[in-house]
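The structures come next, written out as structure tokens.
Next, two complexes with chain A in common: one pairs it with chain B, the other with chain C.
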Partner chain A sequence: MDFTVFAQQIANGLVNGMAYVLIATGLTLVFGVLRIVNFAHGEFYMLGAYLTYFAGTLLGLDYITAAVLGAVVVAALGVVANKLIFWPLRRDHEFTILLSSLGLALLIANSGELLFGADPKYVESPFADEILDIGTVTLTQQRVLVFAAAVAVLVAVYLFIRYSRFGKMMRATAQNPDGAALTGINIGLVHSYTFALACGLAALSGALVGPTVMIFPTIGNWAVLKGFIVVIMGGLGSVTGALFAGLLLGVIESLGGGYISLGFMEAIGYAMIIAVLLWRPNGLFSTARGLR
Partner chain B sequence: MNAKHISLAGGVLLLGILPFLAGNAYLEHLLVLWMLYALLALSLNIIIGYLGELSFGHAAFVGVGAYTSAILSTQLGLPPLIGLPLAGLVAALFGLVIGYAALRVVGPQFAILTLGFGSILYTVTNHWVDVTRGPMGISNIPPLSLGPVTFTDARETYYLVLGLVLVVAFLCHALVNSRTGRAFIAVRENAPLAASLGVNVFHTKLLGFVVATAIAGVGGAIYAHYIKVITPDIMGVHNVAALIIVVVVGGRGTIVGPILGALVYIGLLESLRVAGPLRMVVFAALLTGTVVFLPGGLVSLWQRWRGNHKAENNATATTAPTTLPNAEGGAK
Partner chain C sequence: MLGRRDLIAAAATLALAIPFVGPSAGALAQQPPIRIALIGPMSGTGAFEGQLGLEGAQAAAAIINAKGGVAGRKLELLNYDDKGSPEDGVSAAKRAIEQDNVDFIIGGWFSAVALSMKEVTRDKIITVMTSSQHPKVTEEGHKYLFRLNATSAMMSNFYSKAICGQIKPKSIAFMNVNDDWGRLELDNYTKLLGECGIEIKGHEFYNRTDTDFTTALTKLKALNPDAIYVAAINTSQGATIYRQVRQTGFRGKVIASAGNMNPKLVELSGNSLESVYSASPFVEDNGQPSMKPWLAEYRKSYKNEPSFIAALGAQGVELIAAGVAGTGGDPRAYDKIAAYLKANETPTVLGNVRFSDQGQATQPIHLVQVKSKQIVAVRD
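And now, the complex of A and B:
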């Protein structure tokens, strides 16, 4: 086995995995805090990538500003989606919430196709064509940026949840919404902020990954599937689980694609989670109710 | 004989003469599609309506059945009518393995896991070019036939699928009123309580899941032999969403619901053909709207109307509620 190739595969896998983690963190937060399985999560990823693209081409903004703007706008859209659909349905059966989020996903994806056109687009980034050598491993600067930005954002999210007043409110709501409400926590506000955070994270990952691949209106599908696999493998509601599972999925896909078959790469990743779930049906880091 | 039996007989008779009323080949083709989707929706309804679990992988089993029968008839030259039960059997085997793994979890996890399994089957079908011809799909699939018995044109296929729909509908009806069916409902309503009464929850769910996937496989095989071309898209997310929309919009947990939902789906699909991508937006809105405002689906409209009607008669038209169903109506 050639070590250089192996190291390169691992590095690629870690970068992909970090993007998965970024997608999955939002999903797992929304589930952990609000008990909502949001099928439309991937669509916010798609919107993040497209808004970055349009902010760059139509408004002429530079890539970083466009990405941040995209994330902020999508976070606001997440709050709107919450107000219109998820907040009114919060007392309903999980079935209803799951199906209406599926409806929302179809709605956004197909409206996207209508508005943006079905042809693939490229998000311009000054880092996309620059190469960075780390030892024997070669990565584009954009991919390094994906990893670095994701790490920075995840650390910030962790500190926010752990130490800020608002993070404590989120964790209290995750443990017991009624109890949290009794102590004077504004649950409606927690809902809104959690959605803003989750959708912002999804949009940011779309903006970061956008320049490394082509974007088209159905990528949300792909994103939500990856996010779900990571979340299910890590344990629904577990942020730590999402981190490990995301990196693991990225590396295994990369190795499977490199050494077994590129075409079956995705199937290998899914097969892996099924193996994991046969052993631990509720995921690697399954928790009792609450946010870890 | 009561009113219910008479309306049932009338409905079946109407379905029986529909191809003669259709008048042209295009409408007959739509009738076949309606019945095919009704069959598939009835099978998905066993999982969604009776077991109370949301499967996002059902289209994959339709695809497994379609590909099994298509490969057997095009590459091994097996008579398609023999391939039909084999397609059901293979789909049931897949259902057994996948159900065995996925039914250990419930609720959202189950939905996501079946989505993952469906994606595996889709990916494998799309890339295993030697067997499935990948994205090119399989074409020139022979029509359903065995010796002198053939189902080549739309009308013959319609009667074949109608027969199957009626059989499955009757089986669902018999199931609901049987010990096994009551076990299904008990598991749906309260699994721990059902378990405490001696129902083997896992086996009950697995049984329902395998039966549903077998029917889906047969439906997929008929589809393949009727349309004559299949591509991996049959397993795609679009078809998954379509089947769920049919069941939920029609009315989950009922027998008429999925059949009605399939009619609405095929009807809208054709009448909105000119609208292009806007079509799926309409379906998405329809799904969300139904879930939020009409959780029982279209069939519950009829029940509400009858309920109101009776109330009106009883109260001699004083303050009986005659308004349309409101948002609060029976959210589960």
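And now, the complex of A and C:
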């Protein structure tokens, strides 16, 4: 076996996997804290990529500023979506919430097609075509950025949830919303902030992954699908689970595509879901209910 | 004696009759327009291509109408959405024929749609198929069917000669989409390029839903070929592949599949398409008399760059106009028009087009290359 190719495929897989992790983290947070299965998560990813694109082309902002602005605006949109749809429905059956999120996803995707046009677009980044040779492995700066930014953001999110006062409020809400409310935690605020954080993360991953591919209004489908595979594998509500499952999925896809057949790359994700659901229905890294 | 009821009835009859009197009285002064249905993907993944085709056809119709139309009658384009799906293409064609009573149909941007739609229009109405490349569109066509685009066999015959004679890679590897067309391309070029002594290093198939191609390209790069041949129809996938070919560090030649080079692809691909070759029936400086006015009209009316797909829309309109004008002006004389188009060369934006008895066009094809982000013809 050619070691250079093997190392390259592992590197490709780790970068793709880290992008999956970034997408899945928001999805798993929203489920863990709010008990919402949010099918519209991918659309916030799409919006992040598009807002970065428009901030770059229309406002003339540089890539990094555009990406941050995109994430902040989408986080604000997340707050609005929560206020209008998910907060009023919080006492309803889970299926009602799930279907509402599906409706929201269709609404955003179709509005996107109308507003942004169906033609593919490209998010310009100064790092996209710059090649970095790390030993025998070749990566673009953008791909290294995807990985590094994801690591930084995940560490920040982890520390935030673990040690900040607000993170403790989030965990309390996840464990028992009524109990948390009784101790004086403002549940409404926790919902809003969690949604903002999740949507901001989705948008940030869209902005980061954007320059490695082309964007069009239906890319959210891809994102939410990968996100769900990772979340189910890692355990619903588990951030550390999402980290390991995302990286695992990326590397297995890359090696499977590289050494078995590219035709199976998509199938690998689904096969892993089935295997995990049969063997550990709560996810590879799950222990009990609550945010981890 | 007339009762109140009779009066109301009479008034109602008059009111109903007036709209019918109006247009027919006007028609005495001016001939009704020739109605052309343009059926294309206006929504869904092919929406951008559908938009380009529509714009090209509209620009051509505007030029013809500004000159007084065809045999004194204006051309009227009616737009239908086939959503890129055979079912919607069939229902659009039925609606065009039965409800809107159109005189001609231009459609068939995707092979799957063309193959189903031609059964609805079979021997009923002159149907011009545009970009579809599947051989069966004309092989199993009907007496009023014409197809503009070259078949994949015609393209590969031309392009393989150009690759062997002008691009001259020593070895080649293929990156093809995993569908009928992608597999056909691989078979054609493996055979044709092998015959002229180019070493075939290997191939990878990717899926139509893939968004990341680094895994496949890493494998191809490891084969160390002189050139990588990319067969991609979809513009967004194509642009990602061309970028990622360079991003994986491949520095050899890149050859793009025939018929799939367009300004949007160049725009999206940045510098990675620079000096990449392709084959295309569309070059701006082909010297055709109708090309310059069409380019001017197109650029004046639309923000997209003129492209092959847009030119196919224009060609469809030009073909219908030439057929009607050459046979005395009756748009429903289908037998005469079809015979005329098969017997005569028709000058169009893309060149003079000849049709076989099956209605398959023979178009000039050019070797093109991207230079300074422009698609230019490579002259010997």
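Here is the rule we use: the second predicted complex is superposed on the first by the 291 of 292 C-alpha atoms of A that agree within 3 Å, B and C clash if a C-alpha of one lies under 4 Å from a C-alpha of the other, contacts with A are read in each partner's own complex, and residues count from 1 in each chain.
Basically, a residue touches a chain if its C-beta (ideal position, glycine included) is under 8 Å from a C-beta of that chain, and two chains touch if they have at least 3 such contacts.
Just so you know, these numbers come straight off a predicted model, no measurement behind them.
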{"item": "Combined model on chain A: chain C and chain B, fit or clash", "value": "fit"}
{"item": "Partner chain in contact with A:S254 - chain B first, chain C second, else both or neither", "value": "second"}
{"item": "Contacts of A:L159 with chain B and chain C, given as first, second, both or neither", "value": "neither"}
{"item": "Chain B versus chain C as contact partner of A:E113, first or second or both or neither", "value": "both"}
{"item": "First, second, both or neither for A:I219, with chain B first and chain C second", "value": "second"}
{"item": "Chain B versus chain C as contact partner of A:N12, first or second or both or neither", "value": "second"}
{"item": "Partner chain(s) touched by A:L189 [first = chain B, second = chain C, both, neither]", "value": "neither"}
{"item": "Contacts of A:V37 with chain B and chain C, given as first, second, both or neither", "value": "first"}
{"item": "Degrees between the directions from chain A toward chain B and toward chain C, using C-alpha centres, nearest 10", "value": "60"}
{"item": "Partner chain in contact with A:E266 - chain B first, chain C second, else both or neither", "value": "both"}
{"item": "Least C-alpha distance (whole Å) that remains between chain C and chain B when both complexes are overlaid", "value": "5"}
{"item": "Chain B and chain C contact sites that coincide on chain A, given as residue numbers", "value": "113, 118, 263, 266"}
{"item": "Residue ranges of chain A in contact with chain C within the complex", "value": "2, 4-5, 8-9, 12-13, 16, 113, 117-122, 128-129, 131, 133, 138, 140, 143, 212-214, 216, 218-219, 222, 253-254, 257-258, 262-263, 265-266"}
{"item": "Chain B residues touching chain A - in the complex, by the definition given at the top", "value": "52, 54, 101, 104-105, 107-109, 111-113, 115-117, 119-120, 123-124, 126-127, 237, 241, 244, 248, 276-281, 283-285, 287-289, 291-292, 295, 331-332"}
{"item": "Footprint of chain B on chain A - complex, ascending", "value": "31, 37, 85, 88-89, 92-96, 98-100, 102-107, 109-111, 113-114, 118, 221, 225, 228-229, 231-232, 236, 261, 263-264, 266-267, 270-271, 273-274, 277-278, 281-282"}
{"item": "List of chain C residues in touch with chain A within their complex", "value": "43-45, 47-48, 51, 178, 204-207, 209-212, 214-216, 218-219, 222, 235-237, 239-240, 243-244, 246-249, 264, 267-268, 270-272"}
